[in-house]
Amino acid sequence: MSFDFSILVLAIPFFMFLFLGLVGVKMGKKITGVVGTIAMGVTLFICYSIAFTYFFGTDQGQISAEGVRQSVLAYDWNWLTFTDKLVVKLGILLDPISAMMLIVISTISFLVHLFSLGYMSDEYGKPEKGFQRYYSFLALFTFSMLGLVVATNIFQMFIFFEMVGVSSYLLIGFYYTSPAAIHASKKAFIVTRLADLFFLVGIMILSYYTDTFDFNALMASPESALSSAHGQTFMGCSVMAWALTFIFIGGAGKSAMYPLHIWLPDAMEGPTPVSALIHAATMVVAGVFLVARLFPLYVLEQGSMNIVLVVGAFTALYAAAIACVQSDIKRALAFSTISQIAYMMTALAVSSAPGVGEEGGLGYMASMFHLFTHAMFKALLFLCAGAIIHAVHSNENSHMHGLHKFMPITSIAFLIGCLAIAGIPPFAGFFSKDEILVACYEKSPLWGVWMAIVAGMTAFYMFRIYYLIFHWKKHEVKEGHHAPHDMQWTMTLPLIILAVISCVAGFIPFGKYVTADGQALHTHTNWPVAISSVCIALVGIGLATKMYFKENDLPSKLKSKFNGLWTAAYNRFYMDELYQFITHKVIFQKVCKPIAWFDRHVIDGTMNLLADMTTSASFAIRKMQSGSIQSYVLYYFLGAIMLAAVTMVIVLI
Amino acid sequence: MDSVGNLIIYAIAAIAIIAFSILAVTTKKILRSATYLLFTLLATAVIYFQMDYEFLGAVQIAVYAGGIVVLFVFAIMLTHKPGKDAEPLSSHKKWLGVGAAFAGAAVCAGALFSYGKFCCAKLLPGSGFDIKEIGSALLDTDKFGYLLPFEAISILLLACIIGGVVIARRR
Amino acid sequence: MYLIPSLIMFGCGVFGFITRKNMIAILISLELMLNSVDINFVVFNRFLYPDQLNGMFFALFAIAIAAAETAVAIAIIINVYRVAKKVDISEITKLKF
Amino acid sequence: MEIFSNILIYFVIVPLLTLAGLALCRNKGIGAIRTVAVMGASALMILAITLVVMFLKERGAGNNAEMILTASWTWYAPLNVKLALGVDGVSVVMILLSAFIVFAGVFASWKMDPLPKQFFLWFFLLSTGVFGFFISIDLFTMFMFYEVALIPMYLLIGVWGSGNKNYSAMKLTLMLMGGSAFLMLGILGIYFHSSADGNLTMNVLEIAQNNAIPENWQLFLFPMTFVGFGVLGAMFPFHTWSPDGHASAPTAVSMLHAGVLMKLGGYGCFRVAIYLMPFAASQLSWIFLTLTGISIVYGAFSACVQTDLKYINAYSSVSHCGMVLFAILMFNQTAMTGAVLQMLSHGLMTALFFALIGMIYGRTHTRDIRDMGGLMQIMPFLGVGYVIAGLASLGLPGLSGFVAEMTIFVGSYENADVFRRVLTILGTSSIVITAVYILRVVGKLLFGAVQNEHHKQLTDANWFERLSTTTLMVSVAIIGCFPNFFVDIIRDSFVPVVNALSDFFPVVIR
């Protein structure tokens, strides 16, 4: 079995995008949804078979003679020629991380397709307005995301970075009549666009010195790729450090690293399944994926790597702090996502080059592992949140409380998700988080402690959310509303599947398959780290149980005690206000308006002044045309005399 | 100048031309102005005669003095009440006119005297064209034949007649 | 020598044309100028090329054209007079529009 | 005559025949007028496609001449003025672009009122000029067609425009005429120095071959020609005709003007100014690079605060056309290819924008975005079209804008010159600003609640409006999806000019 059919992975979603978008309106809503879901199921199947072939097959060239797992170039099609050397190709590159990402994306995308059949309908099962559009956009997003992970070169990655940005924009703004959704979609797009700008500049610098976009060419000999810019510095740093830092900023935008994280919480204005798919599991890890892709380069450029580390570690703590106080469950989950992605970033940054020391490349593996498990349990949490929101028609946890009795399946699924993210064995999160902590301690105990604290906070805020939704006090059913209940099978089935995966994913021998250098990495549990991290998580859970399991006034007491801190965290440390200030007050008012004014009054004014001068000059000359023959004759005669005189003078002299 | 008589005639004609032209443009009464014009034209005819262009002199007298001046007189009669003076000239305009006239005259005189040749050139003995020769030249199509301008002039005159009739016709 | 009266006559014509307000007087000045030019033609012919008749014919045609032109001009003047009841050029400036 | 066996001449003859056909129509016979116009436009499109096929065939057959399909007919021997025809890859794609936009423009002005016949007459006269400009390689002929394309603009805006149309028409015409005055000087200067041995010529190829323009003259003539064409290419600070002109012009005229006419500027800058005077180009490029760099950012920032749809688009045109000139001045093959792609892309998507704006304006009778909102619910087709145009403009991969901009940026960065690289990075920032203003408009105009109750009764696009916009949308998508097809046509056309420049400038020919 060869990889020729892998093109279908991109072709099917893209075709579905066009098909559902153009023909869907004519087809009826239910059918559109079903067709979209089935097509996604086919894609899922193909992705699984590709991954299976890649990891377990042996005859497709993916295992080199030395037993090293290497990448396979399934397709490479010249798309756009820049120069003889710089050619943008579109293709499919299969290697451990892209194969893993194929599984993640197709699984979650399929489950979200399925879940949306119920979620995007009203209580009587009638699909909402724009149902076809929704499925069409989902297909577009899936296409873009799959294209991103199989990118053969950095420019293809950039192209699909843009594409996922746009599809995310379209999906966040799905409810386009709501101002909040428009605003959020705009914000998401512009912030990620700003990051993409840096990405682009980074690509330009990198490709200028290395003369290639290809990952394979770059990875084949990262040292020589970097040494082509040897000695070139810009403002004191080597150009490669600049390039890689810029590329990291691009990834940071998509992955919502501080300070470019502000779009992600707002992006929760989109439909919840979309949040599960894009803003929890797939698109937001694109930045991590990007850094992982270029990992061999980053390892060589420790300056850039340190920036990644600092940003990642800071974001992890920062977002976790905010997540502790949010009242909107989706926002809280969003900050949790930011924190977890920062975890993966940090893991990448603390990783040393594979083969260096005992634990070389551990961070890389751990990061990818966490990416995988996190995608599963975060999608689970979001889909649960979706089910809850669908049931109570609100995002605020004050409208929920005590739902455990009404929605038992959802409640258990959510609990599994919480346990997984908190890192309690044997759930998936424990294993990946444990590897990350080990890698951090390897780097420096400082980072290990730091990340352990974040892990504790994670456990705390996740259980806070859980208790506030499902316990705390009895649920009050408002008059005229149905009592909340578990949803139909299309919505509960994805929850169950994801819950099962979250339970067992940790036992996948990840190190055997997904490593930085293709050689299996044998991990062993680092007991001190594992035990301490579980303890910290248990402390967090215990604290949350104490504060939020039953209704009591402890939280409000604490709130009034640390009022300043609480308010600041609740308002996300005023980052949004800062951005608002910069964009509106500075850029809009102090740059755009003056420029527009300058254009209309100075530049245009100059042109109008010229015109006015011409007009007044002609008015002045107009007086000469008096209509009096005699004055005309006089002018004529004087002119003639002058000419004659001049001629005479010339002739005589 | 071959003879004193000629010289005297020339002097009289020249003085008449100068004097009457000045009078023609300065007099207050328009009818007098026309009369002075008549005298100027007659004096011009004298000069033509003196240069042996008898035919031209005759035409000058017949067409100009006889035709055009009469036309002027009629026009004046039609448009002026008798005895009414022209209004005095505004002084700046007068000086403007004088200036322009003198400037023009000065330039021309400059040109004239710088060549100096014509100031006192001898009148060559004319070959004495007779009227027959003029007539045949006028209707000749050879070199120095003037049939084409002659015809053009006749068409022009015709056009003038028609134009004059159309313009002056009472609507 | 013959050109001197012609020159003065031309100057008078210019002066008259520019200063007079009566249209007929302007026409008279115009005739003066034409006449002086005629003299010039004839003189140049007589003194430079006595064997040919070019200048004379030019003067001849000029006289003819002057006659025609005067006739038309006077027709126009009379017409203007009929419409505007005046022959004063400084008051008839509407033709510029 | 021999010249009639050349396909190129028909690009002038067909519009002229259409003119004649239109002249035969009755004033009120709208059906006949439309038929003739559609026939003319379709014939042009077929011709253009045929030309592309012929071009590919010739190139495929190994004809590597700089210009192919050349023909020449002397029409004024004393000055050696010829009707010299010839195309290279750049002109071929520009002709293709023009044909598409003329086609879409005819449908966009389907319901032209009043005086439809006269409108189409001027419209086709304008297209005659545009096509004539692109097919000719003789400076005089080029200039003549250039003027032919400019003059109808005045009447088209002055008669069929809206708003402050007299002012705009006057301003546009005068500024462009001012530009062509410079151009005239430049062309005459080039002509009088076109040859060292006294055989003066107007033929671009021959002038380039002779390479006889003295360096001090080049320094004088280059700014003349570049500014002359730059005015039409909306180069800062000579761009102010563009917002007013576009705002007042009728839909099809805006389309043709922004879509094609502004490209004449970029094309001329490359074909005349840089190609013929490489020395001065290399010496003076920094001035114009700075100006065009300002254009890019400045236009984008200006567009952010406008409230009139057409003004927004006009300023975005300033930004995008600035990018064209910017890339041309980068003096390498890739950036220049990017410039042509950008011309194509900008031409199509601006035409699309103006068509949609015209259609929206025709319904709502306002172009102020503050008075509109939620139009997506009322006219979904136009809304989707607007979003697609917007996404193309802000550079979504798969649509044309991305391809063009990326080629420009990557190409520009491939310069050894630090000044150019820094400018490139500054220019790159426009992609963010573009996103800001595009999304602002899309958000205010299409999304949200319906602002004006009267708008609820409005209808979506008619069949001809759909045809017009779909043509453009499909073209935008085709360029975006299969850019290499166009790159292959365009790329090699820049070899001569880059070679000429490489004598004076460390060009990276890669």
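Note that the chains are named A, B, C and D in the order they appear, and that numbering of residues resets to 1 at the start of each chain.
What we mean here is this: a contact is a pair of C-beta atoms (placed from the backbone, for glycine too) under 8 Å apart; a residue touches a chain by one contact, two chains touch by 3 or more.
Please read these numbers as outputs of a predicted model, since none were measured by experiment.
**Student:** Moving only between chains that touch, what is the shortest number of steps from chain B to chain D?
**Tutor:** 2
**Student:** When A-D is set beside A-C, which has more C-beta pairs in contact?
**Tutor:** By number of C-beta pairs in contact, A-D is the larger.
**Student:** Please tell me the distance, in whole Å, between the geometric centres of chain A and chain D computed from their C-alpha atoms.
**Tutor:** Chain A and chain D have C-alpha centres separated by 37 Å.
**Student:** When the C-alpha atoms of chain A and chain C are each averaged to a single point, how far apart are the two points in Å?
**Tutor:** Computed value for the inter-centroid distance: 94 Å.
**Student:** Centroid of chain A to centroid of chain B, CA atoms only: how many Å?
**Tutor:** 101
**Student:** Would you kindly tell me how far, in whole Å, the mean C-alpha position of chain C lies from that of chain B?
**Tutor:** 8
**Student:** For chain C, write out the residues touching at least two other chains, lowest number first.
**Tutor:** 14, 18-19
**Student:** Return the residues of chain B touching two or more other chains; collapse runs of consecutive numbers into ranges.
**Tutor:** 96, 100, 104, 108
**Student:** So which bits of chain D are touching at least two other chains?
**Tutor:** none
**Student:** Could you tell me which shape the graph of touching chains takes: line, ring, star, complete or other?
**Tutor:** other
**Student:** Please list, in label order, each pair of chains that touches.
**Tutor:** A-B, A-C, A-D, B-C
**Student:** What part of chain A is in contact with chain D in the complex they form?
**Tutor:** 78-86, 88, 155, 159-160, 162-163, 166, 169, 173, 176-179, 182-183, 185-186, 189-190, 193-194, 196-197, 200-201, 204-205, 207-208, 588, 591-593, 595-596, 599, 603-604, 606-607, 611
**Student:** Which bits of chain C are touching chain B when the two form their complex?
**Tutor:** Per the touch definition, chain C meets chain B at residues 1-16, 18-22, 24-25, 27-29, 31-32, 35, 38-39, 42-43, 46-47, 50-54, 56-57, 59-61, 63-72, 74-79, 81-82, 87.
**Student:** Any idea which chain B residues touch chain C in the complex?
**Tutor:** 10, 13-14, 17-18, 21-22, 24-25, 30, 33-34, 37, 40-41, 44, 47-48, 51-53, 55-56, 59-60, 63-64, 67-68, 71-72, 74-76, 78-80, 86-87, 89, 93-94, 96-98, 100-102, 104-105, 108-109, 112, 118-121, 123-127, 129, 134, 137-138, 144, 146, 149, 153, 156-157, 160-161, 163-164, 167-168, 170
**Student:** Applying the document's contact rule, which stretches of chain B touch chain A when the two form their complex?
**Tutor:** Touch list, chain B to chain A: 96, 100, 103-104, 107-108, 110-111, 114.
**Student:** Within the complex, which stretch of chain D touches chain A?
**Tutor:** Those residues of chain D that touch chain A are 170-171, 174-175, 236-237, 239-241, 298, 301-302, 304-306, 333-334, 374, 376-377, 391, 394-398, 402-403, 406-407, 409-411, 413-414, 424-425, 428-429, 431-432, 435-436, 439-440, 443, 446-449, 483-484, 487-488, 491, 510.
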